[in-house]
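Could you have a look at this structure, given as structure tokens, before my questions?
Here the chain labels run A, B, C and D in written order, and each chain numbers its own residues starting at 1.
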Amino acid sequence: MAMADLGVDLCGLRLRNPTMLASGVLDETAGTMVEVARAGAGAVVTKSVGRSPREGHANPCVVELEVGLLNAMGLPNPGIEYFSEEVKAVKREGVTVVGSVIGGSEDELAEVAALMAAAGADAVELNLSCPHAKGLGTEIGSTPEDVERVCRRVRDVVKVPLFAKLTPNTSSISNLAKAAERGGADAVVAINTLKGMAISPEAGMPVLANRFGGLSGPAIRPVGVRCVYEIYDAVEIPIMGVGGISTGRDALEYIMAGASAVQVGTAVWTRGPAVFKSICEDVSRFMDEYGYSKVGDMVGVAHGTRP
Amino acid sequence: MAPGLRMVRVAEHRDESRSVKTMRFQGRMEARPGQFVMVWVPGVDEFPMSLSHTGERFGITYQVLGDGTKALSKLTEGDVVGIRGPFGRGFSEAGKRLLVVAGGVGIAPTAPLVEAATKAGKEVHLVLGAKSAEELVFEKRCAESGARVHVSTDDGSKGYAGFATGLASSLLEKDAFDAVYTCGPERMITTMMGICKERRLPMQASVERIMKCGIGVCDSCALDGKHVCTDGPVFGLDELERFKELGKTRLDRTGRKTGI
Amino acid sequence: MAMADLGVDLCGLRLRNPTMLASGVLDETAGTMVEVARAGAGAVVTKSVGRSPREGHANPCVVELEVGLLNAMGLPNPGIEYFSEEVKAVKREGVTVVGSVIGGSEDELAEVAALMAAAGADAVELNLSCPHAKGLGTEIGSTPEDVERVCRRVRDVVKVPLFAKLTPNTSSISNLAKAAERGGADAVVAINTLKGMAISPEAGMPVLANRFGGLSGPAIRPVGVRCVYEIYDAVEIPIMGVGGISTGRDALEYIMAGASAVQVGTAVWTRGPAVFKSICEDVSRFMDEYGYSKVGDMVGVAHGTRP
Amino acid sequence: MAPGLRMVRVAEHRDESRSVKTMRFQGRMEARPGQFVMVWVPGVDEFPMSLSHTGERFGITYQVLGDGTKALSKLTEGDVVGIRGPFGRGFSEAGKRLLVVAGGVGIAPTAPLVEAATKAGKEVHLVLGAKSAEELVFEKRCAESGARVHVSTDDGSKGYAGFATGLASSLLEKDAFDAVYTCGPERMITTMMGICKERRLPMQASVERIMKCGIGVCDSCALDGKHVCTDGPVFGLDELERFKELGKTRLDRTGRKTGI
């Protein structure tokens, strides 16, 4: 009976396992984030938070599909001032927290990121990739130039590890990743949701109040795995894989494509917060069976570059 | 991962009182009493509504409040709305003598409970509270199901004059009950919690919070780490007591706690 | 009992219904194309054919997923000279045929397109969007400049309607569509597959021999519908919607997003060629119930511009 | 839409003859006789193989030919291969007295047929043909199942000297059969078609074409508008006769018809 070590070192952060709660799913309040960490997540990424409170888009803001979820929450958040207290409350419980931030300009992002770090976040994740909020997310992260400039600006003011979360709605996500690396990001996170839409023929209109939304869940896993694989060939910094992970095998696909850790969002809907524990158990069993002793030994092996 | 949205036609739309209406839909929906659906009025809004009728021609009973329910109130037979659900955990019946306390439109999720419990051979007493006599909803329906209906009105225009909690309290005084079920304004719930705790009576209450996703991903309905949409909307007394926010604060649409 | 008219006029082609067989699925041989047309497709688009024969990628070239199909066929085709006979054989059976063509340069594409038209194809579809064949597909259709130049070049030599099939692996498919329109295309087809990958953790490598493949099926429908919706706002020429259509409701999503006709590929795997008939029956039933008499009356209604 | 690829470990790997091997896998696969799987040797190739063993420890029996089967032949117990399937329509048994004609590795899909038919109480005669005595596969297995096994070898080293079709013909001459089943080289199939047509005997044959997808999308296995992977690999006499290409041409990997 071997015993695989699930621990992961990520830019100096020590995670007890490679799973993290993805930004935007059950992470707007401290109480919930603590519950999810207790259920097994190695770390939690907060809801993306900006300078001022935002209500987000009107309802309907989710469409449940057989292949995943389409959402247009519209980045609702209480603003960084209020949210700092939530971050502190989560930290008090000993949970590793990555603070996700949004902003309409690099200065705004830098300001929010600094406050997020000051509140005690163990790392800051820049959401450069939300596909459905005007002036935020993708709109400031769609070109390599933008990504590099924003990362550099935030890097200046933030000492904790800096993650750049990238959009797959591009012709080359590896160019975005290279830009993030040049800008000083310590790691990249891929992928955010794919821009999508669902229409109700009976109503003759898009279902989401915002019309456009972001597709997540099993549908996007092949795209996410491909993105991580491409990025792994393009940069030296670590990658966090996200998109459609709900089982250990899914997580392993990302890890072997090149991800040092994974994030899980939509599967919390289908499998509940217990999904983290279940993924870890699957991964651990696989490692025992296939003779891997550390998660790090599996990272990127699908490139034929087994270390 | 079931495809969630179901487009259904309105089968019937009826006034229950001046501001409360019942809308029935074509088709079936099986659900436990206390479960809810998200109702989409195309082009307007989507919001949570308890099922006041389950099975064939399932339906909701709602108070006309703001833009969403106003738009809903204009729909007529044959119009199409979107339904997601049923969601959440419903009431779970325990014991033989039940006291159900419903305030205002809180009768929507409790009426199916009353019907299910009487059908299961239980003795059900219902305290039906409203502002005034004209606002009483489902009095006849619940009486016909075999429940003992005790009416209370704030203005005394019918039955007991005062809050439903007052009438409930005096019933509990007189008679022994095995469990209490309640739905209504949050103050009513917290009052009933005090009464039931004192008497060591099991109690369940249906709670409301802002709902966006309805499926446990967005955190907008969070209540001290639990979620009204998936862990609730019905909670037991133990859980209710653990909620520090109950009766005090709720999240607004940005996720900030605001006073109730 | 109303009787909806499923007929569609598309750039002068009269289709008995709005469904077409998508390129690359059961359309490499005349016999099969005729069978699919008999099963109910309003038209068939041929396998993408180039100047010289191609074997395509080695096996494995498909991965069956719960949410769709990942393929890297690698554009196998017998070459236009040989294939002209197949086109003629299909035409002899009275089937409406759209000839899909590939090429490594605009001159090669023009040459093949001209031969395809000469063989009797009712229209020519330019595959500017295959995500997994070196030097072909996306590689010559990823920028608006490329798309415009290629369309213009082919337009010069082809009289029959010209369709440009676009890639969703871009930050703006509507810019590609506008370029196709400027280049003289009579219609655009959206979408081709999303670039994806599947990894076998047990084998520690990508499953496809080509590593990368194209994701199709239900997984990509929300992306396809979104693309058609965006394109409808950007161009005047008709749009053919494709991606994850397997029911009448799916087809209606595309039509209401702005598609004048739809193409079906992967659903032929899950539902067989009978899928065309079933989609048409669903659409017809819907039209009767919701009071539409012509397919054209539904095109684009989700934009709130009910004609 | 079932997830297709299943990674399984080799449970056993055995020589059947100089160039034919049987590989059994850990786990189960239910399938009808005549169905096939796509076998992925990671890093090398994926190709179609009939199931020579179904149920628990399912397996394949294959001839070592080119790169793919050579790589397969090197694998040992515990190694992992990928399996998709089972695919296609298998044989359907009809009648009481069956004649099965297997040439070479054509015994792979027909051995489970022989076993199933004898188990169902049918009288099964098997003509087992090979180049020479050492190349005979599953003779004992089929005999043990209760079938009458008639051996033919091209070089006359065992049994009837000549082609399996010759032996089959003389058996049909002597005895009455209800149906004929065959798998082997395409010339063998066309010869058996002639014989069965003359005798107005129902017949089914398993056919081979280049397979890429295995699931009916790529058209590489097309045979006059039908597909070997989904409509076959087993076809009945009527269908076989409609195939103008049978015995004459097949598609190469580019989709061009080439002589057989």
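Rule of thumb we're sticking to: contacts are C-beta pairs under 8 Å (C-beta built on N, C-alpha and C of every residue); 3 or more make two chains touch, one makes a residue touch a chain.
Not measured: the values here are computed from a predicted model.
Taking chain C out of the picture, touching joins the other chains into A, B | D.
With centres set at the average Cα position, the gap from chain C to chain D is 37 Å. Note on chain placement: the centre of chain B and the centre of chain D lie 65 Å apart, centres being C-alpha means. The geometric centre of chain B is 50 Å away from that of chain C, both derived from CA atoms.
For chain C, the set of residues that touch two or more other chains comprises 65-68, 198, 202, 204-205, 218.
Within chain D, no positions touching two or more other chains are listed.
Taken as a contact graph, the chains are arranged in an open line, each linked only to its neighbours along the path.
According to the touch criterion at the top of this document, the contacting chain pairs are A-B, A-C, C-D.
Every residue of chain D that touches chain C in the complex is listed here, in rising order: 1-5, 7, 38, 40, 42-43, 45-47, 80, 82, 84, 212-220, 222, 224-227, 230, 251-256. Residues 24-29, 31-32, 34-35, 47, 53-56, 58-69, 71, 73, 76-79, 82-83, 198, 200, 202-203, 205, 207, 209, 217-218, 265-266, 268-270, 272 of chain A touch chain B in their complex. Of all the residues in chain A, the ones that touch chain C in their complex are 65-68, 70, 142, 169-171, 194-199, 201-202, 204-206, 211-213, 215, 218-223, 225-226, 229, 249, 252-253, 256-257, 286, 290, 301-302, 304, 306.
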